[in-house]
Every structure is written in C-alpha cells, then in structure tokens.
C-alpha cells in the first residue's frame, strides 16, 4: 500500500487570484546555463555508466558555479576580455568492478567537461567555447555511505534523503504565456531570422485581474546591431512578435515592456542591453544551479514550489529530482485523463533509506470542475499515481532519453 | 500613490491543510553555510563602505560555492583529509573617489575572505578554519551599467531588476516547531551541554491532520562520541529534548525520528552520521547560496515563496533582497498590530529602474478572524505597508545592524 | 662607451673535460611545455599590442604552472581521466590610452588562453586540447612602478632589474648530439613515419673521454602500440635511428639507452612508458617555467648558465630575457665571423633603471685557436658586441618574428 | 665498486676570474618563498609518514606556484587588497596499508596546507597568513609506476630518474659576502632592531678584479616607514651595516647600492620600494620553485650548476635532490679534511632504476694548493665520496632534522 491521498483543494487556483506573478529565466540566463550544464553532465555520465556497466552509477552533479567573465561589447562588434569561469562540483563514481573482478576507471572529469562544453556549444550560439570559457571540474567521489545506499541490489532504489517534490497542472494563462514567450524567442527558427536576440531572456509576467504585463529583459548580440537606431527597431520588432503570440495564446489584454532599463538619452553602448555573446554571464552576472526555474520551467510564487534543484541530481535514488519530475508527469496525466479535474497539485515526500516507490506521503489536491466531486474521481487519480510509483524507475529512462524538462 | 492592494485571501492558510510540509536546513548545512557567508560578506563590505565613504557602495555577493572536502571521522577522533573549498563570487566596488578627487582602493578580496572566515569561525565550532578550509575570492567589479544605476544621487534608489519578494505571518504550529527545534539544537546553551551535536541539522516536519512527524538529520562530532553505544544514547538524549520542546510548543502529537539512515547492524563508523567538524560539508555535501531556507528561515511548499537568494545581495537597490525582508517585516507588524488578522501573505513586485519605494504592486492577501472583514482592516494595513515603503531604506540599516534574518 | 671586456678564457672548454654531462628536455616535457606556453603567450600579446598601439606594452608571462592530469593508457588505446591543468600567471597591460584620449581594453585573459591552447595544439599532436586540458588565466596587471619604467619614451628602454644573461658557442660534440637527437625525434617528418613516439623525450648525454652514452626517456603513444612486442620493436627502431644520427654527427663512440626503467617481465602496460597523449604531463609529472632547458636548448653543468627563465619575459626591457638571447646571438656571430676563436662564452649584467644598451658589464671569455692571441681578435669581437648592444632592440623584432629559440 | 673519479681541475676557480657574478634571492623573494614552502611540505609529509608508517612514503612536492596579490602600501601603513595565491602541486601517497591489512588515510592536503602556512608564518613576519594568503592544494597521487619503484624493499632505493647533482667548495670571497649579506639582513637579531627591512632582499654581487659591487634590492615594510626622509635614512643605515660586514668578511673593496630604482624626485610612495608585508609577492612578483638559489644558497654562473629544484623533492629516491645535497656535503668535507685541496667541484649522475648508492658516475674536479698533486690526495677523496655514497640514506635523516639548506 502506497501512502496516496487525494484531497479537495481548499486553495484557490492561481488563475483566480486577482494578482498573479510568473517568471521564467531563459536558457541563456546564468542560472539556467548552470542548471543546463548540471543536467547535461548528469545525463552524459548516466549514459556512460549504462554503456560501460549496464546501469547508472552513483553521482550528483547538481552544483555548478558560473563566475561571470568580462566583455567589451560595441555596436557592430566587441570583444571578450576575460572568459566565463565555470566550476563543476558534486560527486560521481569514478571506478567500477565487473563481476570478473576487473576494476575499470571512468574519466569523470573528462566526461563532465566534455558534456558541459558541448551543452554550451549547442545552447549559446555566439559564445566562443574554446577561449571564452574556462570549465574546471572538482567533482569528488562522494562518501562511501552514499554509495552503499546506492548500490544495494534492490529492484527499487532507496531514497537518498528525506525530501519532497511538488507539481501542478494545468498552467494558467499567464504561466502559459510567459513560458511560450521565452520558448518562441529562443526557438531555432526565430533565431535564424533574428540572430541579434541572445539566449539570455528573462520574462516576468504580472497579471492584475484581466491584464497581463510582460516585462522582458533580452540581451542583444552586439555584432548584429549596428547602432542605436537598429537596436530600437529590433526592440519594436520583438514587441510586435510577442504581441502576435499573446493574441494567439490568450484573450486577456497584454502589454509588453522590453529592456526597460535602457537609457535612450545615451548615444553609445552604455545605455543599452548589449552583449558580445547573448548572455549577461559574459559580464556581471554569475549563476548557479537551483536558483532559477522549477522543473516545469517556471517560477510561480502563487503555486506550490520545491526548493530542490532538479537539474544534475541522479535519476536513480535522488528523490529531490525524481519526485519533482514524477509530480509533473502525474499531474499532467491526471488532468488529461480524468474527467472533471480543473486543477491538480501534489506533493510527494520521501523518507531516507526507504524504497522510492513507497513515499512517506503522496498527496494530491484537486479542484474539480463544476458538477464533479472528489469522491467520483478519487479512484482514477489514485490508480494513476499508484501506477507511476510502481513504474517509478521509468523516470530514469525518460531522463536518459532527454524527454524530461528540468529547467 | 503607491500601488498597494489588500485582498481577501481565497487561499486557505497552510495550518488548515490536511497535509503540511515544512523544512529547515540548520546553520551548519552546506547550503546554509553558503547563505551565511554570502550575507556576512555583504554586511562587512557594507559597513566598510559606510565607514570609508559614508554610504554603502554597489555590491552583490550572493554567489558562494562550497565544494565538500574529505574527512576520516572515527569514534573518539578522526582527521580532515582535504579542506572544504569555498569560492566567493559576485561583484563589488573596489574603488571610490572622494569629492576632493582622491581615489581610494577598497581591499574587497581581503575583506570578503576575512568576513567569510570569521563567520565560519563563529558558526561551526569544530571546524579548523586555518587548515580545514580554503576560501578563494573571485569577486569582480560589476558592470558599469549596474554601478551607474546604483550611484544616482536620488534619496530613494532605483530597483536593480524586475523582481519580487514575498512574506507571510504568522507561522503555523508545524512551521514554528520546525524552526524552534533547529534553533534549540544549535543554540549556544545547548551546545555547551551537548558538544557532540554538530551544526548541520536538517529538520523536516510533516503534519498529517493533527500529527506531526519531525525527521531530523543531525551530524555528530566524532571526537565527542566514543563508540556506538555512546552514539545511540546521545540520539535518545536529543529525542527526549525535542519531545520536551514539542510538548511546550504545540498540542499536536509529535513523533521524532533522528538519523533514520543509521544502520545499527554496523559496529564501526560506517553505519552512523559521524563527522569530524559537525557538518557534512567536510565530506560529500556541497552547498551554494539560495538553495535552502527562505528569508524567514523555512522552506514551505504550502506557502508563497520567492526563488530569490536573499543572502549576500546588497541592501540598497537589490529588490530580490529588500522586498523579501520588507514583506517579512510588514506581515509581522500587520499581524501584531491590526486586530482581526488571522493570516497575511504578501507579494511586492518591482520594475527595474523605478524607485524602490514605488513598486509595480504591493499586494496583501488577508484571512480575517471570524467577525472581521477586509473592509474594516484595509485602511490600517494599507497605512502600515505605505509607511514601510516610505521608510524602505531602513531595511539597509536593520541589515547593517544584523537585525534581519536571511536564512 | 659600453662596458665591454674581452678576456682570455682561463677555463677549459667543456669539450676537453674528461667528463661532460648534457641534458635536453624535449618539447613535450612538462617543463618545456610550460616554457613554450609562456613564450607563446608573450609573443601573441606582443603582436597584439603592436597591432593595436604600435609598440609592445608591458607584460611578463614567464609563470606557468602545469598540474599533471590523470590517464589510463592501454596498449592500442586508453583514455584521459582528468585533464591537465594549466595556470597562466604573470602580468600584462590590459588597457591603453591613445593620443586622442580614448582608452581601449585589451582582452589579456582571452588572448593568453587562445595563445596557450593554440601552442598546445601545434606542439602535442595527440593531446585533446578541448576536453583534455583546462587553461586558467590569473595574469594580473603588474605594479604601477614597473609600468612607469616601461613606458618612458626613451628610444632605448631601461633595465627592469639587476640581472644577467650568459651564452656560449660553439656546441661540443656531446651538446650537438643531444640537441640533434631530440630535434630529430620531434621533427615533423619523423613523427609522420613514427607516430607512436610522443613529444615528451628527455635526452641525457654523458661523455666519458671518447665515449658518449645517450639515455633517452621517450613517452610512447598508446593507441599506436598494440602490445608489448610492438613496443619493444619500436624501441629497437628508435635505437637504430639514433645510432645512424650519431654516426653522422660524431666520431666518438655512442651507446643509446631507451626507457631503461621499463620492466620487461611485465605483460601489461604497467611495465612500459606508455601514455595516451605522448606526454607524462597527462599523469604524474607537473611542470613549470624556467626549470628546463636554457635558451640555447640545453642544460649544461660544465658551462656557464643563467637561472633566468627566458620564456615569457617581455622582449623590451626584461634583461633576464634579452641578455640571454643577446649572448647567444653574439657568441654565435663571433665564432663564425672572427677567425681564430675556438670557443667563446660571455656574460652581460644589467643595472636596474639604466638603458639596456649600457650594461654594467659585457664580458667575453675567449679560447683561441692555436696561433691566435686575444689581442689580435679583441677589436673585432668588441665591435660585434658593441653593434649588437647598439641594435639591442632588434632582439624584440626577432622574437616577434619567432626567430629566436628560448627552450 | 662505485664509479668514482678524481680529476685535476683544468678549469680555473671562479675566484681567479677577472669578472665574477654571484646572486642570492633572500628568503622573502617570491621564488625563495616557493622553494621554502615546497621543502616545508616535503619535510612535514616525510615526518608524518615516518611517524605513522615507520618510513617515508613516496612524494614529490617540488611544484609551488605563487601568484602575486595586490596591495596598497602607504608611508606609515597601507592595506592588502588581494591575497597572495599559492598553489601547491606535486604528488604524495595518501594511503598506506599496514602488515595487518588495515588501510589508513593520510590527510595530504590538510598537512600540506598546514606546513605551507606555518612556514609562511615563521618566515614572513609582516604577512597576515589568515586573510592575506590563499593556499590551495592540488597534490595528486602520482603514477603507479613511480610508486612501484619507490616501495621496492631494497635497503637502498633505486633512482627515480636519470639526473645529476653538482656541488663545489669553498665559496669565493664574493660568494661568501653575498650570502652573508642576505643572511645578516634577514637574521632574527637584525630584524628586531630594524623591523622596517622586509624579507624580500635580493643581493647581486659583481666582482671586477679586486672590486666588489653589491646591488641590493630590499623591500621596506611600510608601517615602519613614516615618510620619504625616514626611508632615505633607513637606506643609509643599511648601507653602513653592510659596509661593516664587508670590511669584516673581505679585504677587497666593496661598494653597496641599495634600491637603485628609487626615484627621489617623488614625494609619495610611488618612488620607493615600499611594501605592506616585506615581500614583493604582495604585488607584482610571482614565484615558483627551482628558479632561484641553488641548494648552496647561491646563483653562480661561473660555477657548475644543476637545473634541478632541490626543494620539495623526496629525500628517498629523487636523485635530483639527493645528489645535489650530497655533492654539497662531500665537497665541504673534502675541503676541510683533505690537506692540499684548494677547490673542489663534483657531479654525480644517476641512472633510472639503479640503486642510488651506485651512480653512473661521481666525478670530482680538484684544484690543489701549491705543492700538492692529485695523486697524493686521490685516495682520501675517494674514500670520503665512497663513504658518503655508502651512507647515502643519511641524507634523508639530515633533511628530516632540518639540517640541510635547500635554498
């Protein structure tokens, strides 16, 4: 028997609050870069372990410190003065022994650095990885205790910690719009046509009753922006594109503000949000794991949130990762498969050392559509949760296949 | 006119949920150590600036990466193998020019390292700061833009970013108990009598209806624990002490679980939570800023939370710090001064470049005691909020005097 | 009048000693790699300064610390476990102001890292620069004093220090053979046919009267060596090649010993000098600047030597570099242009703050061929020395063009 | 039979050259600090190993990179801006297994950092070790090969490398004076009376026939120097003291020049050699191991020298250390015990893998006093050399007891 509880939500859903605040840090924000690297390292290590040993070995690489570099952006060009420094920490198994007694080494540092650089290369188009970044690795080997817990031959791993994950579904209109806005501006197609828009895009959505204000901070790539006029035209262009998106996504009225800190009295670079690489990590803004988006891609103070950094944790026994991802999946499935669910949020709490399919509690709060009661849907929801818990190790496979968002 | 709104809370308060989860990472948890260092560095820099220039200069030191060391704890002793590595990043003004044209240097790196080490020395009793830690400083000088914004001669600084803070009051019984438990176990008096209890204490509270389960992970200091028997007796002792505290603080039933990952079949160190220094940072657990407690000392998924790291940000114009601290202060005062308020939470949202006393919105959600209406209390609450916003720069002074908790 | 002195050498020349020891650390030895990087960084910075400002600005990049990585070489393959860490230090001007008052930045860190990586890429064929090295830059800006001295508008710069350089010519047969051996084994043509020979080749020559023993430590590249037999055959091959070279270069009898620490009782990698990359820097051997070859490419205890690291010092006013290179050039020219010179060594000593063309002393010791006296050749030698001192700034140009060996 | 050879020196001794150059970098010079730290770390590790295991385990800690900090010296005070960064590298055994099969850990990083800081504390009086230095440790574990060689149970260890050491005795008058000058200015007694003289003292001696010029660069400690006048008086004071010493030590005429780069037209700090700590490592001057004094304390281009860094190498099998120290001891003893020896220099060359008491060659070149021949003394000298080689492991004990100078 798993400790599953279904309760009627006494909380209102965020969409009904008079005021709603939603934030997303784009993939090029220093915190998101850190998250992305942490997850890329974990995923690459997991795959390497699986290839070499047949299963994922212990690791947690959810600690990345990005120290900003220094740059000298100029309209039409500019240069990097000092590279971005990226410190990878955490721990990972660097040796394994086969049944035949042979011990093999795993090049953890090499693999981690490769994974981090390849991620950067794919993610930040205008960043020169070779000379514009320094990636250092101080990943240790973890304490023996931790590894003991990890390698027990149970089919179901034991929880590494007492910790919890949360999830909710569906998104409100504000949440949806904030997410879509960043995703559009950072999509491959968009970048092709608008190479001047960097990946460091922060979208802050404020809904006051029926009016949404989107405040967007978007780094421009200096070599594609010839002068102040070009910059201002480009801002207008983005504004129009976001307005079109908003019209498509919501009926609420939407106002968009872009780079509001710009000082148009300035004739040179100093008044505008100009970067050489498209991310403020090149100068002034540090980043680290777990300080930005939650695992559904958003920061939502009106909603339940977990403080756990999902990115970089191992997908085998680290409940701080697994239960967050699981809650996302469960709430999504419940909403789409169970009739009458208007909103669901849930929390799953582990107890250290206990099998991860047996949480201390897995509790869902559900707001039903008019005409439905909790009693009517409880069984269906319970079954879905139970099945996910039963198949909890699937999360690891989804993660290895890159199917799960963590930022 | 400040954009202050008072609304009736449509959300239930956490205390009424059937399930409630509350967590606190003790002062010796690697994430809390990172927070504490970040704030200590900011406070020391602020004081130095004030002393030398008359006012606080630009800085944000809210990035600290703690990389775990390596240790070899033994019952009755043990040794440090590899020190804890602490990387300070962020940025801070390292020069200022007096009205007479003289330029003076500020030894930012020296000051930051001194502040970090002194904080560690005061906080982690059994950590050998000299040889058991390496504190490196890569604090940069920040971008010129940021500093421009900072030094505008307005009485009221302009917001450094579009960002928000949240707060709520009062604490539920679970929240209160979790907080008090850690504070007791880490109090000076308690440590005198129980030197074997390290500072790395994580308290996870789960309330299911009327029953609270406190799961405590508490690092023991190896030199004070002679053997397994001593260890188990000490666990009992803590258990009793926490039971007494619980009895005093709440009428709910409370069960306490301590170091549940211990494996009592083991006769040596490997089965127990033993450390040389009292913190898991000595081996295996990294830490960084902003991943642990919110600025009221707790992690509360049933409550509004901000993702902003409060610790280490400058108290002048960084709304990610100021609005969180302000929300805490406001909700506390409203609750204590306005009759009829059962629970209040609030959110304050800035707009980059606008004076920080003029937020984009400052909205309070209030649940009233039976017999009271929002209309009756709205004016009082508004006045309190308005007065705090008017005197918003007081936050800086409170912070300089060390009066505000950030972790 | 320059303080030039010509003296009869009372010292014997090394070639006449009964015992002579000569060593060369090949271009892939960790110390030589460090020297090479230091010089590449200085040369690249010098060119950049010249391009941007019209002349070379202050810098000294003669401090590089290479920390060995970790590897797992296997016959026929192997992997890198941990990258080689390379720390660039020293100082360099990172800003300059044009006559029109405009201040420009120089991306010293970026340029230095680029120069170091490109040098590695060209020098160590089988080293994976991207993921197998971490190049960090802590080059500072130097003290204002130093820079003052540097920028005085004299045609002839002032000496940065009280320091000396030495040189001698011609090489003895042992010296010549040691140098030629390494140069052959590290030549492009040789590598094409013998890709299994790494760049980390140390040649120690011992001449006892008429017999030379060459002890060669040569790292093999594991992927080109399938097994122990292949390895042993390859050693034989090298042995033959060196024997042929020796026969061509000297009439003395020459014995060659290669990788004498090999343990042929071992059937696996552990008994042989096998590396993934061709340099022991991948595992176990650190390196730093100035600990290997002197600027003529050799370590010669029977000859005058300077302790100054030539590589990485600026070619404008750092006499520790300039006077060593100058002594090499002068002695070479004297030997080839002045009849009757059998051997010449010389020392040039600066005095800090004085023009570098006015050394405190420039003294040559000359051994003449039978039938010649010092008096007969003194004038010619003096003229050559004087002309080189007069044109001392040419050294900078030769260095910029890459014409001067420093290791 | 050891390969010992005694030859008549065909070389003149340095004292007879018309020109002689001798240099000593004082204990506070950045290169000497690096040497001193390297040796302190090796000595402390050796003692720890001996205490725990009964004998010294494998290590080589002869790589230290000191990166200069930043300071702001002022007459009468000043401050440290940025600490001196010290990177310890090399390798050392961090585990050993007792005959009973128990494996114990050695806290290499902790021990190394402690040794380095304690050395600094004892050596540089005015350096604030706690906040004015950052000591980081990247000491690895060495390759398995190296450790194999090391742990063979022979009474006499095998040479770790093909390498040589050199030594000579006695010192010339110039050599003696240069050495004594620095030793006096850095003696405890002198510092008591002249606290304004820092430990970074470089002495360059030039002898031209009968005239010696001592050029001294001596860092002053700013807090003990109130103004320019005080500084100039102090320079005079040092000058007088050195003159007195010279009169006592030599009959040659001696001129002393102190801080000749000073610019007395300057009224502020910028014209003088002023430091907060007494070493230029605080600002502008980096340092590393093996670039300064040879193991007899001097740099002597007129004499045989080895490029090997003696400091930090293990005293068990690293011939680069042992043979240099041994040559110093042997030549000293030969000179004092064998009548008729005017000057002796010697070289000892190892062959990797062979017992260190069986060098490839140990050759002494001797210049006899008038009336003596090599034949007469050969036997005595040979016996001394042979006895030292027989008891070569004594070098380790002398080193552990701190009896041998390495810089």
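First chain written, first letter: the chains are A, B, C and D, and each begins at residue 1.
Here, a contact is a pair of C-beta atoms (placed from the backbone, for glycine too) under 8 Å apart; a residue touches a chain by one contact, two chains touch by 3 or more.
Treat the numbers as computed from the prediction; the structure is a model and nothing was measured.
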item	value
Chains touching both chain C and chain D, listed by label	none
Chain at maximum distance from chain C, centres defined as averaged CA atoms	B
Distance from chain D to chain A - Cα centre to Cα centre, in angstrom	55
Distance from the mean Cα position of chain C to that of chain A, given in whole angstrom	50
Geometric centre distance via CA averages, chain B-chain A, whole Å	23
Per-residue multi-chain contacts in chain A, two or more chains	70, 85
Interchain pairs in contact, sorted by label	A-B, A-C, B-D, C-D
Residue ranges of chain B touching chain A (in the complex, touch as defined)	5, 7, 10-12, 16-19, 21, 23, 63, 65, 67-68, 70, 85, 87, 89-91, 138, 140, 142-146, 148-149, 162-164, 166, 202, 204, 206, 208, 213, 215, 217, 260-261, 270, 283-284, 286-292, 294, 299, 301-302, 304-307, 309, 347, 349, 351-353, 360-361, 363, 365
List of chain C residues in touch with chain A within their complex	70, 72, 79-83, 85, 94, 105-110, 113-114, 117, 130-132, 134-137
